[in-house]
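Labels run A, B, C and D following the written order; every chain starts at residue 1.
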Amino acid sequence: MFPMERRTPSEAVRVSYNAIAGGSLERLSALSDGIFAVAMTLLVLDVKPPEAPEVHNGPQLAVALVHLAPRVLMFAMSFLTLGIFWTGQQTQLTHLARGDRNLGWLHLVFLFAVSMMPFSTMLLAQFIALRPALGVYWANILALGVMLFVSWRYAMRAQLVKPEVPHAARCAIERRIVAAQLLYAVGALLSFIHPYFSIGFIIALQLYFAIAPRWPGKSAGAA
Amino acid sequence: MFPMERRTPSEAVRVSYNAIAGGSLERLSALSDGIFAVAMTLLVLDVKPPEAPEVHNGPQLAVALVHLAPRVLMFAMSFLTLGIFWTGQQTQLTHLARGDRNLGWLHLVFLFAVSMMPFSTMLLAQFIALRPALGVYWANILALGVMLFVSWRYAMRAQLVKPEVPHAARCAIERRIVAAQLLYAVGALLSFIHPYFSIGFIIALQLYFAIAPRWPGKSAGAA
Amino acid sequence: MFPMERRTPSEAVRVSYNAIAGGSLERLSALSDGIFAVAMTLLVLDVKPPEAPEVHNGPQLAVALVHLAPRVLMFAMSFLTLGIFWTGQQTQLTHLARGDRNLGWLHLVFLFAVSMMPFSTMLLAQFIALRPALGVYWANILALGVMLFVSWRYAMRAQLVKPEVPHAARCAIERRIVAAQLLYAVGALLSFIHPYFSIGFIIALQLYFAIAPRWPGKSAGAA
Amino acid sequence: MFPMERRTPSEAVRVSYNAIAGGSLERLSALSDGIFAVAMTLLVLDVKPPEAPEVHNGPQLAVALVHLAPRVLMFAMSFLTLGIFWTGQQTQLTHLARGDRNLGWLHLVFLFAVSMMPFSTMLLAQFIALRPALGVYWANILALGVMLFVSWRYAMRAQLVKPEVPHAARCAIERRIVAAQLLYAVGALLSFIHPYFSIGFIIALQLYFAIAPRWPGKSAGAA
């Protein structure tokens, strides 16, 4: 966490700001948790209760609530998405021994994509049958995956990963991102048949990632 | 926190992402605190000050503020509810030695229910006399309780609980959730007499949980 | 943090949930920081930029911005208030060796008052010349002070304070709260002359608390 | 973190609240991360999806999304700005051995400027061609820089910096702030030619700070 310690005073005649800036994994984790928390909570806040003048009794309210159900489902899907990427980022950061300024910036770009998620979700909820809305949503997921992949690759190249992490674990993290993104891409392509296919496929995919069932006859390592 | 250390390199020929993902209790606590903080603060933000054109002098403003009182009470009730479940989740997590990916997902579902709380509260504040609004509110509390119960059961089965936690403490946590949810269910059923009975009962219940008085002649263990 | 360790298994035949719940100072601090952060940021978000149709050129925009100045000042004042109470709460918590369930609930009530601050501020900004608006604002500050005082008293009585904290420091924390609240009460009473006196006095007070100048000829201990 | 330990009981006949208040760097970091997280996420939330009645098919939605692009760019710029200052603040705090009350208040003023950023950004997005909007935006960046500079100077004078931090690193932090602010001032002055020049220059500047390329033939220390 404190790179200065490895220099002798004579070496450090002129120190670059960039060499000493932004290496705290704790602060990066805390900022990430904050941004995820705000994005996740605001997502659901967009589900507004029905207007009072249109509802006069219990059955009318029940009907209005049923009409809200697809919107709630859409937000549940985005909560799930953010949960998946929160787990993914956390997995990476807990495997790192230290951070540096570049890693911090790669994760800030990742967090920018996180903070775009409420917008993409609202867009998809409003235009669920239109392909550009789905395109934006998929592009957002793609950006999240790409940034996680790039930051992990960077962490390995810059030797930020804890030395005791075995090669197999390093590969597992990479493999998971690539596999997931390939499947999301398939989901996005399904929108050329119909956007509903696409959304159904993506929801199924995310439930699979969250629940992570173990198929009989397959080893745990294959999931 | 770092499961890799318990494997020899030869064992880990192919490592599952799911085996190494998402086990950080610190990150889970931080995300939880963030989501609770946003949900609790936004709850109260929905209490809007009266509109300027309708209020011209002090007494008019005082009257407008008195009319806001039931709304403030409703939000105080939800703040209380979230406080109770925040305490409950914290109690569980401080008794765990470590987390894993499944526990993380059980808590993410719990946090989804937390993030739904502002919606349920606004709905109830708007339609306080209609039974479906109370039904949604109660279902939200039920979901919070069920997820806490399930995650605690999972933690015990997966041996995530600190070994020094005695059996009696494990039971106390479980017993509390079940007892509370039974009482909430009674509260929900009271709405078949009148929703106001139901709300009054739930508020009394939550004040009881928060204040936790000790009855004379009963041991502390009985509360 | 883990009260179970001090019991032998035979003692703990039946353990009360309340005896083991909610004692984590770390979680309480994190929740508090989250609620303060949301309340402080949302305060300023209420300062809306002027509407586009009413502004056509630079000078018009400059005039519109000058008209926003009192609103910005009002929010700066509330940011200051929350900063003062954030510092106060932090000072208490860093002097505690451990927490318990009751302390947690006293702080949750404190945090409820924190989350009411954006409402009180918006109310005062909208009705700056009306006494009930100032009354609500002052009641909010009073609630913050009372809860800090009560929680500190509780912490001392329940022996949660670190044993090495000298008596003089314990008194300093108490004295500060009482002195500040007496001055705020004077500020509130000034509103019977005119609300502007009151607001001016409170702003001056808070700048004094934040800047904490040392008067020549007085010891540092007298502030 | 606990200044009392360095006093003998006899010395501390009367302890000043200000001497023991607000020295926790952990709490300051946590509050900062929270405020940055909320400000960063809310920035992007202002990008509203197009209205449903105006959009009937995919191509219309695509056009509406293209029209949103400059707004998204503007918010990306502010996310970048906040990212730069978050990195800057973090760099300072990780070099400190301890905090005190004054440092806390300098950072609270810094955080006030952080929380003003969504307002400045919305203002600039709405009046991108008007000089006062750019003036407010630049003043906000200036305030962030000034507060970072002042708090670092204070930390050095009050000997809060970790003793092992070499002189060169202390200078690097200062130099960076001054250089950046001079360049931002140049950017602001460019608005007298045209606001677009100014915005283009500032965006280029911030990408430079974030990416931090190493020019061939220059040492890392020169950046």
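Here, a contact is a pair of C-beta atoms (placed from the backbone, for glycine too) under 8 Å apart; a residue touches a chain by one contact, two chains touch by 3 or more.
No experiment lies behind these values; they were computed from the predicted model shown.
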Farthest from chain C in C-alpha centre terms, which chain would that be? A
Please tell me whether B-D or A-D has the greater number of C-beta pairs in contact. A-D
Please decide if copies chain B and chain C contact each other with the same set of residue positions, more than half shared, or with different positions, and reply same or different. different
Centroid from C-alpha atoms only, then distance chain A to chain D, rounded to Å. What do you get? 24
Rounded Å distance between chain B and chain D, as computed from the means of their C-alpha atoms: 34
Do you know which chain A residues sit against two or more other chains? 30, 33-34, 37-38, 42
Touch-based graph of the chains, sorted into line, ring, star, complete or other: complete
If you look only at chain A, which of its residues touch chain D in the complex? 1-2, 4-5, 7, 9, 12-24, 26-27, 30-31, 33-35, 37-39, 42, 101-102, 104-105, 108, 111-112, 115-116, 118-119, 122-123, 126-127, 130-133, 136
Give every residue of chain A touching chain C within the complex, in rising order. 34, 37-38
Which bits of chain B are touching chain C when the two form their complex? 29-30, 33-34, 36-38, 40-45, 47-49, 52, 55, 57-58, 61-62, 65, 76, 79, 83, 86-88, 90-91, 93-95, 162, 164-169, 171-173, 175-176, 210-212, 219-223
